[in-house]
Every structure is written in C-alpha cells, then in structure tokens.
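Here is the structure we will look at.
All chains are identified by letter, namely A, B and C, in their written order; residue positions are counted from 1 within each chain.
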C-alpha cells in the first residue's frame, strides 16, 4: 500500500510539470501582457520595464518558465497587474472562500440526496419511483445551468420576490451580528446551490443506480442469499459495500471542482469566486493572477486524481493487497 | 444398494420465465428423488434447465422466472409453499449450494473467514469466538493449509481451487442434509477438479449428507453419483442408477451423449467420433411432440406429434421415449 | 436419416440475427428512447426547413415599434431587442447549435479513436506516451483555456468553436477505445488474422474497431447534448458564436436585462436547448441499454 502511494506521488510530478508547461504555453499565446500598459500614459516606461524584468519577460521562454515555475512553488505569487497592485494571494484567498462555501454545500447537498435515491431506484426497478427519479436525473443533466439560473431568478427573485437575484450578501450586513449575517448569506446561497446541484444530483443518481444494479446481479449476492442471510444483510452488507466503491472514487475525482468553482454559475449569480477570478484575469491579461489560478486548478485536478486512487485502494481490498 | 429414506422429492416441477420475447419453460415437469446419503447426478447440456431446477429447490428463482407448478417436498414439507422467512432458515443450514465460479461467488471486499462465520452466526446461536473456531476447523477440514492465516485473507488472494474449498466450507458450516453442487468443478483445472471431487466424496462419507450433483460432464458423474437423471429441455428423459445408465442407456439422447465421449475403444478403431446431429432447440421454438425428435435417429411420426411420458421400462429405470434403445452398450471404462 | 441442420445465425424463417439487428430490436422496445429519437428528428427537420417557411429573416430588423414584443399572432415567440423574430432566430440558432454539437463530437471522436486505437493496440511505449499525454490534457482546466483559445485562434466562425471544443473533448473517447482495444486484441480472431498475414492497420480498422463501437456510440450521443450546452455557455459568455449569427447560446446574452422586461426572450432558446439535450440523453441511455453486452450472453 505504501509502495503504491509512493509510486503514485512520483507519477504526479512529471504530470504536474507537463500540465504547467502546457498551461504556460497556451497563456503565452496571449502575448505580452505588458504591451497594453504601454498605451496607458500614466505608467512610466521604466516601471513597465521593471515589471517586465520581474516577470521574466526579458528572458527567452524556457528560462521564463523555470523562473515562473519556481516562484509558483515557493508561494511567491506576486502582485496583480490590474487589480491595483493587490497581492495575488489576497485575491485568490478571498475568491476561494466563496467558491469553497458554495462548492462544499453543493457537494454535500447533492450527494446526500442523490445517492440514496439512486440506490433505492436500483432496488425497486421499473416502479413509479424509479421512472420518476430517472426523469429527474435526466432533467438535471440536460438543463443548461446558466439558463436554469435565470429561470429561477425570474420566478423566485422577480415574480415572487422570495430570494435575492445575485450577489453574496445584502450591502450593509457586514456589521450585523453573526446570526443575521449567517442567515443573510444563506439566503443568497439557496438559488446558486440549487442550480449547481441540479446537474450533480442527476449524475450521482444515475451513477449510484447503475452501480447498484450491476452489483445486485453479481454471483456473490446470489451466494449470500443461498447462505440464508436475511435480505437486509444481503443488500446492506454485501451489495451496498461493493456498489459504493466506484461512487467513493468518483467523490475523490470531484474534489478539484470544489476549488475551481463553476464559472458560469458564478457569472450568472454574480459571485466573486475562483471561476470568475480566473476568467476575468484571463480576459484582462492579468498574467500573474491568471497563471496562479490555472496552476492551482491543475494541481488540484492532479491531487484529486491521486485522492481518488487512494480512496479506491482504501475501499477495495483487491487493490490494496496485490 | 440400500437406499435410505427419501430426503428430497421433486414432483412435476415447472418453472417458467415470462420474458418480453415469450415464455421460456426452463423446467417443464421435472421429477426426481434424492434419498438420505445418496448422490444424484443431474446431467444435461447447457440450457436443459438443471441450474434453474436447483435454484427452484432453493426458492431463489428471480423475476421474470416463477415456479408455476409442482412440489418440492423436503423432509416431508413442500418448500414451494414456504414463506420467505421459513425458506431463509433452511437455506445454508439444511440445504446448501455451491456454484460454478468460485472467483465471483465470493464477495471480494470481505475476508474469507468473515464470509464463512457469517453463515454460522446467522443460523446458529453461538458466540463469535465459537464461530471463529469452527470456521478455522472447517477450513482445515476442506484441506486448506494454514487455516488461521487464510481466515484473514481476501478471496482474490486465494487460488481457484482454494476458493472452491472455501465455498464448500461455507456450505458445510451448518451441517446441511443436502448439498447442491451446480457445476462446481467446471471452471477448475482438471487436477484441481479431481481434488475437489475427492474432497466432496470424503465429506459425504463423513457426514452422510446427500448431494445433488449437477454437471454436463459424464465422466464426473460416473465417479460421484449413485443415481443419474438425464435432463433435456426442461424434462427428465432418463432416470436410473449409475450402472444402468452407463451400461444400458435407453434414451437415444443418453445413448448419443455416451457415444460421443471418446474412449479407448474409439482410439483403436479410429472411427470418427459420433456426435448428436443438430442443436438444442431454442426455448422460444420448441418442436412439437418429443423435444428430441429433430435430432433423434429413431424418430417416428408418433414422436413428432406426442410427448412421451416418463415410464418405467425396467425396475428402477425410467425413460421418456416411445422407442427406447435396446442395445447393450460397452461397459464404460 | 435426414435431419435438418440449421446454419449458424439463421433462424427458421430466414432472418439473419446480427448484433445490430438485435440492438435495433431492443432499442425499439425502449419507448422513451424512441420518443426522443422522434422528437430529435422533428427538431432537426424544423431547424432545416423552418427558416424557409418563415416570413422573416433572422437578421431582419424590425421597426422601432416592433422591438421587444411579447408573443403574438405576427411573431409566434415575440421579438427581441432589435425587432427580430424570435422563432425564426430559434430555427437558425438551432442549425448552428446542432451543427456545432454534431461536428465537435465527430471531430473529438476521430482524434480520440486514432489515439486510443494505436495506444491500445500497440501497447508498450507508444501506449504510455499517448496515455501520459491524455492524462495531461485531462488535468488541464478546460473552461479558462477554452476561453483563451477562442480568443487567440483567429476567425469568428462556427468552425472555430468546433475546433476549440474538440481539442478538449477527445480524451474520454480515447480512453474508452484504448480500453476496448486492450481487451479485444487478445481475442482469437486477431491472432488468426495476424497468422494469415493481415497488416496491423487492417486489423485495427477492419477487425477490432467495428467491435468497439458500441460504447462510443453511446458516448457520442450523450456528447452531442453536452456539447450543445457547452457551446451555449461559451456563446453566452461571448466567446462562442458571435452575433449577428444566432445560436441558442448567444440569444441568451442579454438575458439579465431581458429577465425583467421580456421573459419570453429567456424562455425560448433555453427550452429549445433543454428539450433537445434531454432527448439526446434519453436516446443515449436507451442505446446504452440496447447495446449492453451482458444481455447477449
């Protein structure tokens, strides 16, 4: 098991470097971010030259890559070009908070609802419940998230006026006591979380259902019944445990999405999260911020993969002891 | 040979599958009897209904299948009429079953010991340590070396033969009166097959349990069984003790099966191996009359119209045929 | 003694039951999938033929009085902020969205199959290299890079979007094909073909590939739906299809403003997209069930 872990971590390193290279290459296509600044009369040419030097733009690309890569690793993330010189760490830190909040809420909400429903559907195939939940799952997976966001905003925000239509909190509430703030923020979270969860729920449900269906057909379930075990034991001890294996690993793979945020939903609801930050940075050629965001996301994707594999090993003894 | 009292009496069992494409009569009026301590070999090609019959005995037939007729009298009581809870108590304790694929028949995420202990704990009122002790004893009994170590291993860490031994241990754990072996050795190498058969024979002698030995391999059946029932398309076509079947096969199908097995004799004469012509009919398109008639060299008009009944043509020898073969076959080496 | 020997595959009555025939039979039983197929054909026909039947042109600007009109007899789905007929634009937009959906899936498929087939068939170093490359592509965050690429690659046409989506979409299919090839190449008919001297390429394309198509077909069907949404999202953000060419995505670009005053502008393109994608999903699911190899044992 330990060997497996070590091997996987070692494999991660070249992968990460590869991803960094590709990301770097693609962003370089955008061109020199400093060229734009030359147009701005208020920025002195010496400052531009200094910035160029700090970011290594006066070096050939391969050296620039290493210089940048090294500073990424050491946490020296630099300063945002366009956000008035704010530290990138600060910007990212703030955006991550929002993204984390929404993503974790979405994950918990969709997982807790969808997986049991999927399993129940599998055990009661062809019943009304099954057809209905399958429809609901497909509904969720076919719905364009941004459009659904608008629809919800129109209905609940405009027509009924129950919920706010965007943003993360009512202006002025920062000074209010904790509970008031908490409830206020929760109000803002409801619609985005529903929108984000919809697709997730659909896919978890289908996944859980098909995994359970597959397991229930297996020979060892037949053996369990032939042994005279009560049906409840057959389902919960024998079938479920096996059905959850792929689901758990999928959970590991959805971790990276927690940090990268959902760009579209954030745009629709006006949430200043990581997705927005990344896109805005890329659009305004805010090189330092963009690179950090991209690299963070890639790193998390890779780590997420690793965690998924590890979870798989933990949960399936066949992987552990071979 | 003296036979003990009747343990299992299957009478005119009918299990049909109601599929979208039609009704499959997997078991269509099968009758056979197993006595205490007896080994009955149920022989037939794939699709003849032998597995479905065994699942029907265990009442484990799943939708779209359903037992639509007949009785399964076990120890004087009809299993078909039992409630699921009553049946559950019988399964694993009084009637046990082992299956063909040892690799997939064991749950990969639990240890071997856990799975055997489970069977004991569910049927018997003993403590966990007691159950563990018994499990290790069982592992030793079925010939697994280092049972204490194996107890904590997972199925994928064992070889095919060992896994099948574990299955046998699991099946024996509550001292069943009847063991159903559904092609238990088919998936194993020949040498391992021989070992497992030896083990089963040994255990059978020790415990006096009866075995319903299901297979398509005639050689195995000759080794193991006291009586043989030959099945074809959901019905028993011949039923007698092992010697009669091999020495005097009466049904053309049985005769054809025995003939198609290479023996030392065929080697010498270098004649081509006779095979039964045609194929097992599709369950959706059964021929009229006797189901075997399209392939039978002795079929007559009557065979194409009427289905023969299972009739006793010699004491203890039942055949379902209008023209049973009357040639004495060479003793099967 | 004459016994009728039936030829392999032939059923009394003569019809040869090939795998695809059985798949078709099973699919036809799946009512929802057939309904979806029907709906999709309808939608596709509507988008192709609709613009010819409509009295309006997609870019025909209405007079000031006709701007932002709710649905009426004249304009069945209302007009947008420039007075253009929404229904007509919906048909045109449908053409674009469907075109993007199909071609992006197709291109991703071609790339994925080539990479997966060679990786899976040859194995060894080639496989490792190709799979590492696939892993790297998998680990790259897609959305931001899609945006960058669509800015950087010149041109504003529909094909740019197709290329951009395909660049990040081939990996799943590659993995699927590779997996199929890894297992199928062990089959006896491959050995037999090699023994006769069939060239590797021929084995790959004529022998193994047709047998690996089933999961690909499912993935492709579901993929069209997914890519339609993808394109819509990109167009909504302003990176996909550029106005005045309509696509279901960019018709929602002004949705934030339209929400309050012209809700029909928000409902139409969204519903069209939703129904189309739903149909693709149900169809894909039905295909998956119909082609399930376990049911053909």
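By definition in this document, contacts are C-beta pairs under 8 Å (C-beta built on N, C-alpha and C of every residue); 3 or more make two chains touch, one makes a residue touch a chain.
Each chain and its UniProt protein: C = ABC transporter permease.
Worth saying up front: this structure is predicted, and the values here are computed from it rather than measured.
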Taking contacts as defined above, which has more of them, A-C or A-B? A-C
Of all the chains, which has the CA centre nearest the overall CA centre? C
Expressed in whole Å, how far the mean CA point of chain B lies from that of chain C (ABC transporter permease) is 50
Report the inter-centroid distance (CA atoms only) between chain A and chain C (ABC transporter permease) in whole Å. 24
When centres are defined as mean Cα positions, the distance from chain A to chain B in whole Å is 54
Chain A: positions in contact with at least two other chains: none
Within their complex, chain B touches chain A through residues 58, 60, 84, 88-93, 96-97, 99, 101, 104-110, 118-119, 122-123, 154, 156-157, 167, 170
Residue set of chain A touching chain B in the complex reads 218-220, 222-231, 233, 238, 241-242, 245, 315-318, 321-322
Give the list of chain C (ABC transporter permease) residues in touch with chain A in this complex. 132, 135-141, 143-145, 147-149, 151-152, 225, 229, 232-233, 236-237, 252, 255-256, 259-260, 263, 266-267, 269-270, 273-274, 277-278, 280-282, 285
Chain C (ABC transporter permease)-touching residues of chain A, taken from the complex the two chains share: 14-15, 18-19, 22-23, 26-27, 29-30, 138-139, 141-148, 150-151, 153-154, 158, 260, 263-264, 267, 275, 278-279, 282-283, 290, 293-294, 297-298, 301-302, 305
